[in-house]
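This is the structure, below, for whatever I ask next.
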Amino acid sequence: MALTLMDGNEAVAWGAFDAGCRFFAGYPITPATGIYSTMLRILPPAGGIVLQGEDEIASLGFCLGASMAGYKAMTATSGPGISLFSENISLAIGSEIPVVIVDVQRLGPSTGYATKGADGDIQFLRWGNSGGIPPIVLAPVDVADCYTLTIHAFNLAERFRTPVFVAPSKEIGMTRESVDFDRLVASRPAPVERLPNPSDSPYIPFRVAAGEDVPRFAPIGGETISRQTSSTHGEEGYITSDSSVISAQVARLYRKIEATVDEFSFYQADTADGSETLVITYGVTSRAARRACVELRAEGRSVSQLFLKTLWPVPETLIRNIAEPYRRILVVEANLGQYVREVEHVLKNKTVDFLGVMDGRLIEPVRIKEVLRE
Amino acid sequence: MALTLMDGNEAVAWGAFDAGCRFFAGYPITPATGIYSTMLRILPPAGGIVLQGEDEIASLGFCLGASMAGYKAMTATSGPGISLFSENISLAIGSEIPVVIVDVQRLGPSTGYATKGADGDIQFLRWGNSGGIPPIVLAPVDVADCYTLTIHAFNLAERFRTPVFVAPSKEIGMTRESVDFDRLVASRPAPVERLPNPSDSPYIPFRVAAGEDVPRFAPIGGETISRQTSSTHGEEGYITSDSSVISAQVARLYRKIEATVDEFSFYQADTADGSETLVITYGVTSRAARRACVELRAEGRSVSQLFLKTLWPVPETLIRNIAEPYRRILVVEANLGQYVREVEHVLKNKTVDFLGVMDGRLIEPVRIKEVLRE
Amino acid sequence: MALTLMDGNEAVAWGAFDAGCRFFAGYPITPATGIYSTMLRILPPAGGIVLQGEDEIASLGFCLGASMAGYKAMTATSGPGISLFSENISLAIGSEIPVVIVDVQRLGPSTGYATKGADGDIQFLRWGNSGGIPPIVLAPVDVADCYTLTIHAFNLAERFRTPVFVAPSKEIGMTRESVDFDRLVASRPAPVERLPNPSDSPYIPFRVAAGEDVPRFAPIGGETISRQTSSTHGEEGYITSDSSVISAQVARLYRKIEATVDEFSFYQADTADGSETLVITYGVTSRAARRACVELRAEGRSVSQLFLKTLWPVPETLIRNIAEPYRRILVVEANLGQYVREVEHVLKNKTVDFLGVMDGRLIEPVRIKEVLRE
Amino acid sequence: MALTLMDGNEAVAWGAFDAGCRFFAGYPITPATGIYSTMLRILPPAGGIVLQGEDEIASLGFCLGASMAGYKAMTATSGPGISLFSENISLAIGSEIPVVIVDVQRLGPSTGYATKGADGDIQFLRWGNSGGIPPIVLAPVDVADCYTLTIHAFNLAERFRTPVFVAPSKEIGMTRESVDFDRLVASRPAPVERLPNPSDSPYIPFRVAAGEDVPRFAPIGGETISRQTSSTHGEEGYITSDSSVISAQVARLYRKIEATVDEFSFYQADTADGSETLVITYGVTSRAARRACVELRAEGRSVSQLFLKTLWPVPETLIRNIAEPYRRILVVEANLGQYVREVEHVLKNKTVDFLGVMDGRLIEPVRIKEVLRE
């Protein structure tokens, strides 16, 4: 076993590469720039394309164009850049354009203190588009997750033709850890490819075949004519105001994501016999929680943990199943209460406590222990 | 009583005017353009300023600048424009800049079918900024509300130094109704003005006096030096990474809005003795609900209604108090389930049913009746 | 006589004000920012409007819009900003929109050394638009000229419905001189107003009445419908591909400026009996030339001078008349030879020598004397 | 001999390709879009890059970046796009960045009649940058020239590290001609490559070796540190205000282009014994002139012709030598008199007549014959 020293941004870039990503466009912003610079180093020698857009709007626009032409595409930014993405995210959702967007979160509001981290964009990533249709959001806990979840992100983007977010915080993106990278690579998920239209059938851009939940793909600029519009459209890809068509299309956009979440509910659980409390966390905070649990167990207190790595759609079945035995739930977040709302929603009949901090610092294990001792 | 024929956009403009708004900057988009054109007609003759920005980003930027200089300022757009506002909204929240933003909602995702309405931005308005700090969102039911709630919006923006959204849908903004405008004007809320710094004390831009919850105001460019930064800052307005300062500032930004919502929980309730079900709605859908209830009562069925006009922060006390007697709650929305999440959260122990439609059409009373009859 | 200490930028602003300018939009750039800040101080209290655009393109765009609505409008920038104006200049020329543009020239190429001056844009101002149709360019020698020529610039813009440039260099714009401002104001040119359409005749936007050389004006947004297009158009303001119409329109755009230059050939001449050489200069270099001539005369050498203040269209008659008696012409410019080309063109049969410098410094009198002694 | 049917835009693209161009960025505009679409077809399969920028500013910016990284880069647009290039052209001149810019001219002013052609940008291409330092401008007469001159343009850009314009009009760019393309390719100029820094000497970005006139090149991002600034700079590439350094740098920028024009004075001459008149033209107008001369010769009148293909710097020696025997010169241009100014300047002692048209139509041979018969 040879350990590599690598930060989360590099791991995201290598994950993208190993997922088959060959197009990256971005605009520099600390703490996400490391992804850009790594892509710049590794993509072009492999025949890939790396671009700096005139701004964040252009960068995501380039990615959508590249994706429509058949590339696996990614961009990366932080909160102030995510703030410029909503229009294109909504386009990607409505027109079913696969794309991976990395949000290396920093402290808000606004530019916050550049650059200290926090998980301030958790609801923004879910709701930051007009219309309210859900994207997928994955949250890594460490550098290894940055690699593996980025591959999953591409696979989900291709599988469901949707934008998928990867949402580390600055503390993961810019901190180097030693990681057994060879092992990570050896056990990586197999890449998933967009399903092309069968060659023996005519191409209807947004028609969904029986037994499938997303339309087949034909690249813009290819032999087959493909059609895209930012407007409500029917199977043919033409704008429509037919309410039954709109209704069916919108319902399918919800269903393809929300009804399938059990297939991609990534998590890590560490349950201990006899413990009454389950700590639910995500992101870098999970590591403080892990440490707190280890220390409490050393003191003889039994505490269980669930680290969520799929945040959206909410993995309700997963949360419900794992939380079932526990009397008390503690959600810990690097914000003033975002994902706890979802946990409360899923676990209506349980006591859900919350510890949240948003002051530019990591939540320390000692603070979690204090709450758990209460 | 003389009735006037007026649409919601005109009513918003007159509400703004009567609230003391003298600055409007916008970029045209159906269905919000009527607000722009009305402001263009009424503001300049009164010494006010109306500007078209180069785009939506510039438009809201102009408003923030005008507000910092002491103007009551407003912009108006629809979903695709709101999609470009996040960066400036986050700035306004973090730097406590009063501004009123009207979102005449149309059908998404993306450009949807321009222009059919829906209430697709309800969660976007709450969460569409980096950091997750709450703004205020008001939702009119009709043209009269457009007038009155816009005045409230300005009053709240000034009172709490925060962005306030007014969120009609296209069906309210662009539909003319007969309204007793003279009576509306006669009973309008009194304008609230930003509190200036007392002349006998030095000005510390973000210091909050004892017993107050927002800092006093001094205009940029005035005699007193004021300071603004998009970064985390202390009382003096200088950037800081001091976690106790950041923590206190962020907590206050939450508290000033969330702890005071009982002061501005606008609503309309129509409760009937003996009814088991409470229909909760907002926006234009309320009018279909009202019609459904009238018809059901004519059939001898007792149904009660609550029309929420303050959506964010969630008026929890209000909802809890009014819902208390009812066994069943039905939330009806012109989307696939956005605000129902909040109602479920507040009313954990009740059965909350949901009827949502997002197909470009108004929800008809008959559909609500069908669900209520179940 | 009371002297005022004033720099060229302030004088430009006051000239604009006294010419009736009530609209200014700009984007800050040293060495032109003083015009912006002065306008900001004096225009709003008089009911005028001052705007910062999102960039230089928006700023000039705002000015054109304001002008089309009837305002006398001005913007001010330097070389890098002028570099973004070409599209709108071409629009203003083709659509006959009056506007005054101040170019406080600094050293190029590109950003040069910010901020040292030079007269590097002299040909750029003439030719920096697609199609090659001429604007008017005036060049002040000192602060007094900044005031007076700016008034002339507005008068010419209104009279000929065309963009007019005022082109000081950084050395004039940002240098304070003592000036008898009261006398300047007392002897200022009377403001010229755009000629409106006679009330008794229908309005044809681009029709030129008999005996006139530009069409009458009706403001956009006024009672009369006006039409503008950036395309080739006939009298009615509709796009046309009729070659005879295009030909007549283009010819008129040339003629109205070039055939009338004798009406506005501003200059200052200091001729001495018996001198064989005429020094032709413009801008701040004129002052070095003046000093050189004074010193040479003290030595007993007779030299004459012509300071051109109208640069474009080339005041050929003026140059020819004044230069007639001289055997030798010396053109001195703060660039490597721009306007000397025009002088050579007009004075084909004379010896035209040239002294040009472009190194960030003012041309010193001693260098001019050296050349004159040759 | 196999003839190919090809338009000027395609020929430009193939010329670029055969010159070694592997980077193209542009923004679509008729009549230049054919270059973009052809590059899109031929460059990527050869490992080249084709990009659409967010606008013209970004497009040329991309090209400059690519060029600084070592690519041979090209963009193509028309007048309204050229109008957005000045800032980047000035940067390319001052920082000595090779780039080829194609201006497929259409009728101005402003958008003119899209799309009819004219040669309206001839002075704009020379003077459309702040500072007045000259670029190189080549003008093709036909499709074959589009191919060959584009190769020359790249060679000159690389040789002199400067922007080079290729300036056909719409009538050449969008008109298909039959051309013996194999022969053209067989006789094409050999590609010229940027001279790298010798490996045995340290790299000083703007130092010019003895006997050379431009600095050697090292790519940005390569092993050697290179430096660029848009400001005045010395050999080291750092900003400087040292007037002797600035003066030397600016003088060299002029000299490297103007003193070498005899090396690249492209032209075609058809002189006839005994003719008194020489017709000087360029661009598509040359073809009408050729036809006029043929017809006049058939009538027994002897007329000579000179088609200039290098317009800037003005090939003075060439013009002077060829024009020497003629009493009368006629310049014909598709504008109202732009290049005739240069001819008059060079041939001060000759009668220079002018025929110019700018009405959206080609100049017909019959009109030229009329003038020649006078």
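Chains: A, B, C and D, in written order; residue numbering restarts at 1 for each.
Here is the rule we go by: a contact is a pair of C-beta atoms (placed from the backbone, for glycine too) under 8 Å apart; a residue touches a chain by one contact, two chains touch by 3 or more.
These numbers were taken from a predicted model, which means no experiment stands behind them.
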Study note, to complete from the structure: A correct list of chains touching both chain A and chain B reads none
Review point. Within the chain touch network, how many edges lie on the shortest path between chain A and chain C?
Key: 2
Point to revise | Chain of greatest Cα-centre distance to chain C | key: A
Revision key, fill the gap. So, in whole Å, the Cα centroid of chain A is separated from that of chain D by 50
Point to revise | Distance between chain centroids, defined by C-alpha means - chain C, chain D (Å) | key: 30
Exercise for review: Determine the centre-to-centre distance between chain B and chain D, using the mean Cα coordinates as centres, and give it in whole Å.
Suggested key: 57
Study note, to complete from the structure: Touching at least 2 other chains, the residues of chain C are none
Review point. Which word fits how the chains touch one another: line, ring, star, complete or other?
Key: ring
**Study point:** Contacting chain pairs - touch in the sense defined above
**Key:** A-B, A-D, B-C, C-D
Exercise for review: Under the touch definition given earlier, write down the residues of chain B that touch chain C in their complex.
Suggested key: 49, 51, 53-55, 57-58, 61
**Study point:** Complex interface listing, chain D residues touching chain C
**Key:** 79-80, 82-84, 86-87, 90-91, 93-95, 107-114, 116, 118, 120-124, 126-133, 230-232, 239-241, 243-244, 246-247, 250-251, 253-254, 335-336, 338, 341, 344-345, 348, 357-361
